[in-house]
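So, here come the structures, one by one.
Two complexes come next, and they have one chain in common, chain A, joined by chain B in the first and chain C in the second.
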Partner chain A sequence: MIDSINRLRFIAGNTFLEAVRQKFFNSLLLISIALLASSTFFQQFDFGTNELKFITDFGFGALFFFGSILSVTATTQLFFNEIENRTALTMLAKPIHKLEFLAGKFFGAHMLMLCFTAVITLVLAGMLYWRETELMARLGDAFIDGRLVNYSDIFVFGLLQWMKFGVLTAITLFIASFSNTNLYTIVVSFFVLIICQLQYIARDAYSTMEAGIGRWLVQFLGLIFPNFQLFNIGDQLVFNVKAPIPAVTILQIVGYGLIYTVVFVLLAHVNFRRREI
Partner chain B sequence: MTTPAIRIQGLTKDFSVGMRGLKLRAVDGLNLEVGDNEILGLLGPNGSGKSTTIKIILGLLQASVGECQIYGKPSHTVDARRSVGFLPEAPYFYRYLSGRELIRFYARVCGVPRSQIKEQVDSVIELVGMTEATHRRVGTYSKGMLQRIGLAQALVHDPQLVILDEPTAGVDPLGSAAIAEIIRELKRRGKTILLSSHLLAQIEGLCDRVAILHRGKLVREGRVDDLVQDQHTESLVVEGLSPAGRAAVEQAITAEGGRLCRVEKPRLSLDALFLKEVQQQEAVRSDSTDTVEQGGKHD
Partner chain C sequence: MHEGSFIEHPLVIRLRRIVVVLLVLIFVGALLRPIESPAWQVVKSGQSELNLEGIEGSLGQGLVVGVLGGFRAIMADFMWIRVNTIWERRDRTKLDAMIRLSTTLDPRQSFFWFNGARMIAYDVPNWRIREEGGYSEVPDSRQDEINREQAEQAFIFLEKAREFHPDEPKLVVEVAQIYLNRLKDIPNAADWFLKTSKMPNAPYFAARIYAELLRRQGLDREAYDYLRELYSELPNDPYAQKNIILERIRTLESILEVQYLLRFNPGDVSPVIAPANSHPEHSHHGHNH
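For the complex of A and B:
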């Protein structure tokens, strides 16, 4: 067991190293930070305290948009690099299980997303703090009860987004496990991402449907695709200082993400086990 | 009786081709054994099933029928692969790592104890003659260097069985001779080697036994000497024989009921000639460099 964890750790570490040395990651990270920094131009419109909400939404949007792109493309590239360069052949001829190899790839990509999420949330928290301090000096009355932004919860939101990227990474790995090309994997993964984002519409639909095959089918599809809206509780977390979301709810969402992640990695393994390298 | 390094029994591998699932038979009822501390050459034209057989031995492919064991363990198990080192054909490695980082990484993946990693890594790097280039990134390596570092990664966990798929493909004769010497050294260290190659001259000089595959079937197998020797003729290699002496030998052969089939000058292979010439040039160059250095010191 310890040997297995060690092998997984080495493969994940190597995958992470490969990922961070790619120009794509660095470029995307710089673009995201630049975009986030540009949100300070909102101060020219003089929104008052609403400016903080704009900056937060802008930051969360950048995190989701660029994070999703990075999660799908980096996972696809890291997987297909191994297949196309035939490094997987050398690796799988070693005394390692295919699941260890696949899980190592997953954790490597997931560590990359942790770096990305941590940097973006740190920059966002820093910018919000700076703007809020300035606004407090200018509009003192609006801050009688103290700061409006719950800073620790920005990082809780970051954690939830990281969990969501974990599910997306696992889904991408699952699609890559039976796909033959990079392009197919990327396109299908983005389609699945859109379905997961809009999945709540199906949930709303079946709640008003009459019992029967149609409802059962929609309900089943709702189970297959994870509901990504569950992770989007940034507003409730960051600006709801008086009635914070209970820790149990956060843990439940984390658990929900973990279950889908494990299931998709295992499904990827089922495909990959039969794949001829 | 010792357990063979590899035992293949009734091995058949079919691939499904196209939407209709037509079967393409890559390996057909193969039976083969490789004894411990033996070098076996796996020969065959392209598409004869050599690589498929190797992949099945390594557990990368599942056999359709039959079984394959490595030192008595089913070859598809992780446990069986602990005693196997593999160098794939035209190997690619993680280009962003240096040679030493790469070997270290594979040593760790193979479970080499932390206390032995440095020693093992240094030892295999020295064995393959890559000490000078280990700090360089793998992406900058030449074809020959890639093969050597590939050999190092195959040997870093000290496996008993080493499988080499076209280890000298694309390598110049000097590099090829160096790799052949490493293979001989491995044999001296008690390792078993399964070697797949198109370079028949090299196989002939290296292997104890060969197995020839054609269209997935084993068509010939045995000791190299037994297979290539003409059992009905003998050759005498003589030096300084006068025309009268030669006539006497011919007469004696006829008198004893033999027949002189041909008289020819022994030939050196082009490989051997090339190596001899290059090594001589290298020796002269090295001598002259030593002389210049010594002269410089005297000055």
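For the complex of A and C:
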């Protein structure tokens, strides 16, 4: 058991190092930070949204958009690099179980996403703190009840996004486990991401549909694809709204993400163990 | 033997694997429902743009929210800049589509809703009348018809806006303004100003205009009673402009020839300076008239 954990840690560590050294990760991270830092510039194109709300929206947008790209492409690249370079063969010839290999790849990619999410969340929190402090100095009366932004909840949102990226990484790994090419994995993973982002529309629609094939189909889709919209609660978390999100809901969402992550990694293993490398 | 080879066929194996994966996902999905459903209800209740029931044409809304996420605000802003370019060119077909696109991208911005409604109700009728020959050529009946058509479109647009901003008085007062300024429909305008005045954070002027519109309809007695009640209920806030209300009460007392002893006595109410954080021209609470 301890040996297995050590092997997993070794693969995950190497995967993480390999990913962090990639130019793709670094450029995407820099672009995201630059975009976030320029949110005050883009604010001049805005028509009346609260400045802090605008920056938050912008930060969350960057986190979701670039995070999803990174999650899918980095996982695909890290997985297929091992296959194409034949290093997977060498590794699996040693007493390394295929599940350890997959889990190691998953944890490596997930650690990469943790780095990305943490950096973006920190930059966003810093930007908001700077702007809010300036606004407080300028418009003190509007901040009579203290700061408007719940800074700790920005990190809670970051955690939820990381959980979502975990599910996405696991889904990508699952697709890669039966796919033969990089491109196929990336394209299909993005399609699945879009379906997961939008499945709530179908879910809400079937509740008003008459019983029939259509309703069954929508119900079926709602069951097989995770609901990613569940993780998008930034607006409710970060600003003092009338109904803050209860802690139990956050825990439910985290649990939901964790279970789906484990299920997709195990499903990837089902495919991968029969795969000839 | 034959059966065995059929089961071992690569296609059957692949199909079997797909079925197993789907069954596992369905099982997990069903198992997670008790966790997901209550969490989803909480998430949905806090974000009006996710509540698709009762919102017509909400598919596009859901797509935008799902795909663009946080970037939809800036996308909507750029779209609104485009709306203004189209407005300058007076391209009314494109204008309508672009206004709707902006509000679909970011329905949280009330600015898009009431400014879009103004373009639809005030500017487009002008363009249409000019296209048909101008105000001097187009008969009044046709002008009224165009104004009515455009106002109806603006009302539908504002009704949709209120689904996203149910507590925003600006959107309700906009309906009242269109009835009053564009359609010259005083009874309906009065109704909508009254509706506005009852909303939380309603502008003080809504109640004053309602009383004025009662007067214009010849309902001097009703206007007088309403203003007396309004005066008593309003706070001593300079923005409430109680002195104007008192002036109007006095004017109506002269018109209605109210006996001196029965005249309204404002009591010992002296105006006080409003607190620094009070919003200009906005009441703190709705009036209950």
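The rule is short, and it goes like this: the second predicted complex is superposed on the first by the 264 of 277 C-alpha atoms of A that agree within 3 Å, B and C clash if a C-alpha of one lies under 4 Å from a C-alpha of the other, contacts with A are read in each partner's own complex, and residues count from 1 in each chain.
As a working rule, a residue touches a chain if its C-beta (ideal position, glycine included) is under 8 Å from a C-beta of that chain, and two chains touch if they have at least 3 such contacts.
Note that the coordinates shown come from a computational prediction; the quantities given were computed from them, not determined experimentally.
Participant: Once chain A of both complexes is superposed, is A:6 in touch with chain B (first), chain C (second), both, or neither?
Facilitator: First partner only, chain B.
Participant: Regarding the shared-chain residue A:95, is it in contact with chain B (first), chain C (second), both, or neither?
Facilitator: first
Participant: Touch test for A:258: chain B only (first), chain C only (second), both, or neither?
Facilitator: neither
Participant: In the superposed arrangement, which partner chain does A:230 touch: chain B (first), chain C (second), both, or neither?
Facilitator: In the superposition, A:230 contacts chain C only.
Participant: Just chain B (first), just chain C (second), both, or neither: which does A:31 touch?
Facilitator: Neither partner.
Participant: For A:86, is the partner it touches chain B (first), chain C (second), both, or none of the two (neither)?
Facilitator: The first partner, chain B, only.
Participant: Looking at chain A, does chain B or chain C touch a larger number of its residues?
Facilitator: Here the partner covering more residues of chain A is C.
Participant: Would you sort A:62 into first (chain B), second (chain C), both or neither based on which partner it touches?
Facilitator: Second partner only, chain C.
Participant: Taking the contacts chain A makes with chain B in one complex and with chain C in the other, which residues are shared?
Facilitator: On chain A, no residue contacts both chain B in one structure and chain C in the other.
Participant: Which residues of chain C touch chain A once you look at their complex with the stated criterion?
Facilitator: 17, 20-22, 24-26, 28-30, 32, 35-36, 38-40, 42-43, 45-47, 50, 52-53, 58-59, 62-63, 65-74, 77-78, 80-81, 108-112, 276-277
Participant: Could you list, by residue number, the parts of chain A that touch chain B in their complex?
Facilitator: 3, 6-7, 10-11, 14, 17-18, 21, 85-87, 89-97, 276-277
Participant: So in the complex, the part of chain A that touches chain C is made up of which residues?
Facilitator: 42, 45-49, 54, 56-65, 141-142, 144, 194, 197-198, 200-201, 204-205, 207-208, 220, 222-224, 227, 229-230, 232-236, 241, 243, 245-246, 249, 252-253, 255-256, 259-260, 263, 267, 270-271
Participant: State the interface residues of chain B toward chain A in the complex, per the touch definition above.
Facilitator: 15, 55, 58-61, 78-79, 81-82, 84, 86, 88, 90-94, 96-97, 105-106, 108-111, 150, 153
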